[in-house]
Structures are given as C-alpha cells and as structure tokens.
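Here the structure comes first, spelled out in structure tokens, and everything after it is commentary.
Letters A, B, C and D name the chains as they come in the text, with residue numbers starting at 1 for each one.
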Amino acid sequence: MVYKKQHYEDLGLGAKASSGRIRSLNKDGSFNVKKKGLPLFQRIHFYHALVSMSWFHFLLLILSAYLVVNLLFACLYFWIGVENLTGIDGSTDLDKYMEAFFFSSQTITTLGYGRTAPISFPASTVAAVESMIGLLAFALATGLLYGRFSKPSAKIRYSNSAVMAPYQGISGFMFRVLNPYSNQLLEVEVTVTLSMRKKDSDLRDFHQLDLERNKVVFLPSIWTVVHPINETSPLYNLTEESLLEKEAEFIVMMRAFDESFSQTVYSRSSYKASEIKWGYKFTYIIEQEEEGISLDVSRIDETEKAR
Amino acid sequence: MVYKKQHYEDLGLGAKASSGRIRSLNKDGSFNVKKKGLPLFQRIHFYHALVSMSWFHFLLLILSAYLVVNLLFACLYFWIGVENLTGIDGSTDLDKYMEAFFFSSQTITTLGYGRTAPISFPASTVAAVESMIGLLAFALATGLLYGRFSKPSAKIRYSNSAVMAPYQGISGFMFRVLNPYSNQLLEVEVTVTLSMRKKDSDLRDFHQLDLERNKVVFLPSIWTVVHPINETSPLYNLTEESLLEKEAEFIVMMRAFDESFSQTVYSRSSYKASEIKWGYKFTYIIEQEEEGISLDVSRIDETEKAR
Amino acid sequence: MVYKKQHYEDLGLGAKASSGRIRSLNKDGSFNVKKKGLPLFQRIHFYHALVSMSWFHFLLLILSAYLVVNLLFACLYFWIGVENLTGIDGSTDLDKYMEAFFFSSQTITTLGYGRTAPISFPASTVAAVESMIGLLAFALATGLLYGRFSKPSAKIRYSNSAVMAPYQGISGFMFRVLNPYSNQLLEVEVTVTLSMRKKDSDLRDFHQLDLERNKVVFLPSIWTVVHPINETSPLYNLTEESLLEKEAEFIVMMRAFDESFSQTVYSRSSYKASEIKWGYKFTYIIEQEEEGISLDVSRIDETEKAR
Amino acid sequence: MVYKKQHYEDLGLGAKASSGRIRSLNKDGSFNVKKKGLPLFQRIHFYHALVSMSWFHFLLLILSAYLVVNLLFACLYFWIGVENLTGIDGSTDLDKYMEAFFFSSQTITTLGYGRTAPISFPASTVAAVESMIGLLAFALATGLLYGRFSKPSAKIRYSNSAVMAPYQGISGFMFRVLNPYSNQLLEVEVTVTLSMRKKDSDLRDFHQLDLERNKVVFLPSIWTVVHPINETSPLYNLTEESLLEKEAEFIVMMRAFDESFSQTVYSRSSYKASEIKWGYKFTYIIEQEEEGISLDVSRIDETEKAR
C-alpha cells in the first residue's frame, strides 16, 4: 500500500483555518503561538530570558540587583553593629547605615579601600562570604553581558514584498534577501513552506516549495530566491484571488554560518498572499564600479512592472 | 553474495534479552549501562562531573573549597608568624589564627582592605602567590558557574504514553512532543529505534523505524511523531500481546538547534510495550484564538478512544 | 516543462561583465562588493568590528577608553570636591585633579589601595557606581581580548598559481593547498565555482566544478585539488586565450573542522585566468625520511614543465 | 570518457612506500608528517600552543610570566624611586626592591592592600597602567585555563588489535571501541581508510572501506566496527602474508557529539597489518545484571579463537 507523506496535525500551526488577517509567523520571526498550562517559572528559562531581554531592562536589572544586594548586606552589618567596622564616623543611624552600605559595595566588588574594614569575627565572616558571592555574582552578570554582546543576531534583510514574475518562460514566486552588514554569511540555505487552507475545509495544509536554488556558498550581495511555478508546484494554475481566498502564507527560514561569530545563525520571515505583487519584478540594483560592484541596500524593496 | 545490514552485537545494549521490566534507556535519557574495570579517576572527567552535578552540590563544593583553602593559607601565615602581618591584635592564638584566616580570604578574593597587610618577605611572598592562585581558581569556579548557567538542557517534553491509532487507512505508532519553553527549537530531527526479543531466542534485535516525517523546520507548538505500520514495518501484524511478550522498547532520540543558546541540543526518551495505548488517539489540544493559536502544555498526555 | 537549474541574477556578483583586471573575490577572501544606502551605525555590528580590527587598533582603543573614562570620573570627583576624598594633598588644582584621576583608576580596576578613599555620600556613591561599571566594562574588554585571541583564523595556504596539467589521459585544472600549522584540520571540503563572461554578452555565468575529490578526512600534509576537464566540464575545449578573453575566475571556498579550536573554519581564495600556468604541473615535494615523511611548506608554489 | 575517482598524490601521506615499521598515523592520533621551510613563529599558533601544552608547562609558564612581569615593574618603580611609594621601610636596596616587587604584585592582581601606595605622578601612572595590564593579562591566562579545562578530549578507547573473524558466512575485518567515561557520545560516525603498497611499485594507494554500519545514534557501551570482506572489498582474497607484504595500515577516524561539552569531537587511531589477529574474534563482555547491563571496560582487548 502506498500513502503520501504529509503533515499530521499540520505542524501544530493551527490546522483550523484562521481568519485571513492572522499570520502564523510574524515578520520578526516569532510565532503566533501562546503556550499555557504551565506555571511561569517552568515556562521560562532564566538564561534565555536574560539573554533575550532588551539592553535597557538588562542593565536596569543588574543595577537594581547591585543596589538591593548591597542594601541587604548593609542591614546585616548594621545588625551585627557598625562598631565592628573601622572608620565608621557617622553621627546618625542613617549615616552609619550608609557607611555600611558603601562598605558593602567596596566588599562585593572586591574594591576594598580599607578605610572601612571589619575588625570582629562576625563582621569579617560576613565580608569574607560577601566578597566570594560578589566574585560569583559578577561572573554571572559579566558572562551574560558578554554573551549578549557577542550573540549573533538575525542579520538578513528581506524584501518587504514578494513578486510573481516571469521566469524562464513560466512564472515564479520570488523574494530577495541581503546581508546589510560587512561580515560574511557562508553556506546560506533557505527553506520556503507554503501554508494554505484546504478546499471546502477549515483545515490548512503545508507544502515545502522547490526552489531554483536552495543554497548559496556565500552571500556577498543580494540573492533572489525563486520558486518556479511549474506543473509540480502547489501554486500551479492558482490566481491572485485564489491565493487570497486560501489565505496563503509563505514561511521562510534561512540558515547560514556567520564567519565573524563562528556560529550557525537562523533567520525567519513570512509573506502573506496580500504581500505578493503580481506582474512585478525586482529592479536590478547592482552597479558596476571602477574597483568592483556596489549595492544600494536601501533599494532592496524596489520593483518594476514586468514586461 | 548479498547480506543484510544489521547490528553486530546489537549496539552493546544487552543482546541477551533481559526480564521484561528492565528498560535499556531510562525515561530521563540515561542508559542502564554500568561501566566497570576502571579506577574512578580514569572513568570521571572533572569538567563533566562539575557541570553535571546538582546546583546544591556545586555551590556546596565551591563554598567548601573556599573554606578549606583559606584555612590552609591561614595555617601557613600562622606558621610564618602573625607578627609578619600588620593589624593583628588578637590576644589568643585562636584569635590570631582567625585574623590570619580573614587576611587570607581578603587576599584570595583580591579584596585587600589593607588593615591587615604582609610586612616581611615570607608573608609577602605567600600573599603574592595566594592572590595569583585566587585569580586562577576563581576563574575556574566562575567559568563553571557560567557554563552551568548557560548550558542548554534537554527541553523537550514527551507524552507519557504512545498510542496505536488509525492513520491513513492503516494503523500508526504515535507519540507527541513539545517544547514548553518560549525559546525556539529549529531543524528538529527524530530517530526511533525499536528493540525486540528475537523469536525463540534470548537475543534482541534493533530496527530503525520509518517515520511519516523525521524532521520539522521548527517546533512552535506540538508535533505528533508517526510511524505508519505498513508491510515494511517490523510491527506489521504484531498485536499488543506479542509486543509485550517480545519486550519491545521504542528508543527515541531528538536533535535540534536551540536558538537562544546557539547550540545543537539532544534529547532522549523511550516507550516500553506497556506504555502504549492501543486504540486510543491523542486529543487535539490546539485552540484558535483572536490573535493566533494557543496550546495548553499540560494537556500533552490527553488521549481519547479512537473511533 | 523542463528547465535547467541556474543562477538568477548570478549570485549578485556582478552579472554585467567587469573589465578583465577586476576580480570578484580578492586573494585574501574578501569580496569586491561595496554596500551603500545604509547609515554607518546600521551597517556595522560592534562585536564584529571589535573582533576584526587590528591588534594595534584594538589595544589603542582599550587604552584610550580607559584614559577617557578615568578623565571623566576624575572631573566628577573634582566637581563634587576633592575634600570628599581622603589623602588628597596636592597643592594646585591640577595636582588635585590628577589625584582624583588616579583615585578613579584605582576604583575602576577595583584596585582600591585606600590611601585615597571616599568619605562623603556623593563621593562614595560615585565610587560604588564606578567600581561596578569597571567590572562590567573590563568584562567586555577582556572577553573581546580573549575572543580575538582564541578566534580560529583562516589557516590554509593556497598555491599562488593554478596549473592546467595532464591528468589521467585528459587534462585537469589543479591547485594545491596545505595547512602550514601544527594543528589538525579535519573533514576538509572544497567548492570551486567558475565565473566566466557569456559569449557575445556583458553578463557572466557561474558553474560549480566537479572535482576528482571534494572532501578529505584529514589534511596532514598537502592536497592537490583537481577538476578533470572531461566532456561535462565548462572548460572542455577552451584554450588559454579563450579563458583570458572570457575573464574566467575560479572562486575557491574551503571548509574544515579545526581540532584545536573545536570549530568549523572557512577559507576563500580565487584564481584569475592570468594566474593559471598551462602545461605545468606541481613539483612533488614530499620527502620520505627515517621516521615518517617531511614536507617543505615553502615549496608549495613550485611547478615544473609537464612532460 | 570514464575515469575512476582516486586520490591524486595519495593525500600527501607518503605515496612512496615507506619501510614496513613506519606508520602514517600514530596510535595517539598524530600524523608522522614533519613540516619544514617556515620560521617557527609562522608555524605556531599561540592559542593552539597554549591550549595543547601539558598542564605542568602551562602552569609553569603562568607562574614564570607572573614572576618576570613583577620583576620588571619592580625595576620600574625602583628606577622612579621608592620614595614615591608609601610604606617602604626597607633599609637596603635589595629590601626596597623587594618591597617594590610586592607592591607590583599587589597592583597587578588588583589586590591593593594600600600599605604601600603610590604618591607621585610617575608612580601613580605606572600603577594605573599596571593594574589595567593585570586585568587584561589575567583575563588571557584565566581564559586559557578555563578553555583547557573545558576542552573536550578524545575519549574513545580502541581495542589494541583488530581481528579477522567469521562474519555472516564470509569474513570481516573488525575492531571495537568504547567510551570509558560516563558522559554520552551521540551520533558516532566512523571512517576506515586502508592504505596499501601497490603491486610491483613503491607507491601506496588508499581505499575507504565499506562498513556494516558506519554510524550509531549513541554509544552507551561497546561497538564492534565491521568491514565485511566481500567481492567489492580491497581485502578480498588477501592473506595475512600479503597484507604484511603490502604494509597495510587501517586508518580510523571517529566523529561524535559529546553531550557534556556540547561539542563535536574527533578521535583517530590506526592498525598496522601486524596488529591484526587472524582467526580470532572478540570476547562477548557484556553482562546482564538485575538492573540493566554491565560492561568491564578493561576487557576490551580480549579475543578468543574463532570456531
């Protein structure tokens, strides 16, 4: 018995057709999937959260943690008694607490001016533990800081629209991509998956599209990804209207090796039926110059009427 | 001469059939294999051990090491003579030893308050060496701390049971998986190996099962892995009883690229014959909402009677 | 309908033929592509820039940043008033400013001699913040320093010229490569792409060349990469003159796993038609010695008249 | 025209046959290839050298560098004049130099007790620079220390000898491997290359051998790698004597993903004709126990007369 390979439950990306304006993959590469039924702390991976949050929140978090930890240790020193520290000469309790606070900050950063220093067993013990905690905690903070800084980010720029343009006597679904940065992306691979509503059904099915070329050895300038619409294409004989009606969505995933980061990077995007320009083609934007070629990155979205 | 490719000595996973209740792969992904004949220190890789131990043990180990090293250096300073350190004003030997201990802790963390400071050649030399050792040792400790924190862990959640459910006119062995976290797993690949006792023998053989789909480009919600039981399947015409009698075990390995960690991650699990529900199918748990789809992670194990 | 797979817009590497002396890939592996139309800060990735700049510029940058930051914090302490710091005994404002500057450097490095120490709330606060900033900033600087140091660099050495030499009764395009270092490159793969001007056109087309062998398991000494010129080769029946006229360029990309760095590394180079020696072959430079073989790395470019 | 794919110049591994006792790949995985013709500093990559040297040499190097750098900075402080440092109370020049030396060590580690502290512009400047250099230099040293510690090393244990044993009615070349450690190796792949002297020639040729199985999904216990000697094998009809005469060498390379290190690791070994036992087979060393199977790692080399 023969059966066709196909998705079971459609990759979990909403087998039931949604209303036309909803996309399963957002332009920024995130999915329109909400996971529930788990307590927050089980759903969140701390490292992931700390690496993904905005720089503003990350730095605010570090500063707050630094403040809070020092306030707590200052309480501890205050509770032990500031007479166990040298050089505390504040007259009010608040002044003394503040001096304990600054002593704590000088201890946790292993700064240790020594103007204030512990002179009894309990204060020395707390200081010894605090300096060790400081080394460990700052190792986490600075590791995360550097990890965020050196994390390769999605660098590929997609054309805003895709086009349906003449291609080799037939027609082709095309979009283009480029790497706006000066670093090199190598062995760039692309996968395009088409999701459409099934005929007379509220279910969707998914097709991986054949591409004229699904891998380039390097991506020095611009690459036009082409799916030729021949007899084997699920787009064969489909019109602009039928694509809109079937709520077609083209889900794009790219993989590349980023040479500066020495890492594999991924990038995702998607095109809805309404983001396809029929009968247009992309403008040729590469210019020949004296010493090589030049490329105007800002013109990636330019299209023109196909003859 | 033609011969069939097959395992020689069955992957070393116990060619002799074990009693039915033993599994070769535990639910947590570890193997039921004990290695002996090597001294402990040759069998253990320090880095591996330090990265794999529990957080409690790891932090306890660091704290103990910190304590022990400072106690030892304090002995050294005490043996050299505390008169070689400034600011030691303890009256008893124990007091003086404790002051030496705290001086050591201020040196190894490079805190250096300076209230206590070395004033002779031997004490200064020990302090110079200790501060260097401190920098190196804390680099190891904090490196391991960060390494543990940023280590991608197996994040895939497997359904507790597998099912034998109708699939495309025939029957299929199915289980489902999801990633409960908010990070993305990309290019997820699965391998399912079936291990069964040979007929009239106490040996086992191993079969890699054909899957409806052994790779998905991303895993935003839930994936039902299906092995269709057609004529070429080693499960063809087998009943629930014969699987139990043959002590069947389905060994699952998944590989994925974890986008937040920028690393390849692996996950393993297994299903014994007794963990398969015959005639059940998984409940459809994806809900269409206003702005996308939603998935109740806690319902992954839900099955219902297949029609 | 059948159509041949081919590049659309020719990889963006200048479909319009350039004048003969321009190469698309430089000998150092960089591309002759200029990207414009983006503001500088969007085109540059900080990490990439900091990892790619020369060691001289990198160290100069760190030193300058250290100087500037300390000058700024010194201004801050000076503005707060140096009477808030102990041990400032300079007589002139410049002297006092310099003492504040050195206090700042002792704070940002968490050195903290303590001869100068903050004694009021505002000065203590600035010092507490400065020491934290110091820990974070030095973590970035040292992370980058180590990242640069441990970054695998292209290590493959290419022969200056390629040759057209007899090969197995026909002729072959050949160049050779070696790894001059003592570390091992494993699973070395090579791709050779030929770019030529189309007949009677100012466009170029690209051909990936079949190689006698496109992968070696390891590269302990020297490897001669060979493209045999049989009937299927785009070089079939082409002469030295036609290659020059078609402005042929052979673009080479190699990928390998670098065992010491535990990373995948890439290397690129190219040969223009004018860098091919016709009728020459590479000299055999491996010598058999008592305890193994020996290889004179400096003789990689040696060729001799082919019989 | 058809031609057989084969090595050109035989991978550079000594096409001219060497005397029988020389192996191209040593048991430890290093190659018997000496590279010359390059100055030392061009042949050595610093990072590679520092990561590959023994622990003893590495720690000795760090200690020496620490000593030398402090001696140099002490000279600088001495030359500036120790009267620019507080707390120097040595009576002789040597005493003063030693105090400058210890001041330097307290500065470079950012310890900064403060008993000795710089009080003039030149001394403060040198100290400010030294503490910055200290932070950078220790970052390199500790980065290397951790890099060495967390570097995955070849962990695969090979049987000392290979065997020629009966296999499925024919004969097979076999050796076995195991991972003695408790960490998991995943997706283990093996390549076996046979190198033999050509008939009536002093050249060698190389054959990649077909294996019964060249990849296992995991390697929990022991794996017997088998090359079946059928009609297509280069070993077909060869005897023990002819293998010795042809100076056969079996070069083994394994690749695996090491789960604890989250990295791809490689391992190499080789078998000379004289290390093959004809008519023997490996002893079955897996034992079934109550709670799983057990494996005596030390018995990996055990063979027995094949029936």
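The criterion applied here is as follows: a residue touches a chain if its C-beta (ideal position, glycine included) is under 8 Å from a C-beta of that chain, and two chains touch if they have at least 3 such contacts.
Bear in mind that the values here come from a model prediction, so they are computed numbers and not experimental data.
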Quick check on chain A against chain B: do more than half of the interface residue numbers occur in both copies, making it same, or fewer, making it different? different
What is the chain whose Cα centroid lies farthest from the Cα centroid of chain A? D
Could you tell me which of A-D, B-C or A-C has an interface matching C-D, in the sense that over half of the contact pairs are shared by residue number? A-C
Expressed in whole Å, how far the mean CA point of chain A lies from that of chain B is 25
Whole-Å separation of chain centres (CA-atom averages), chain A against chain D: 36
Taking each residue of chain B in turn, which ones touch at least two of the other chains? 110-114, 143
Tell me the shape of the graph of touching chains, choosing from line, ring, star, complete and other. complete
Can you list the residues on chain B that touch chain D in the complex? 1, 3, 5-9, 11-16, 18, 22, 24, 31-38, 42-48, 51-52, 86, 107, 110-114, 117-119, 121, 124-125, 127-128, 131-132, 134-136, 139-140, 143, 147, 151-152, 191, 193, 253, 255, 263-266, 268
For a test of understanding, state which residues of chain A touch chain D in their complex under the given definition. 110, 112-114
In the complex formed with chain A, which residues of chain B make contact? 62-63, 66, 70, 98-99, 102, 105-106, 109-115, 138, 141-143, 145-146, 149-150, 153, 155, 167-170, 174, 178, 180-184, 186-187, 212-213, 216-224, 226, 228, 230-231, 257, 259-262, 284, 286, 288-289, 291-299
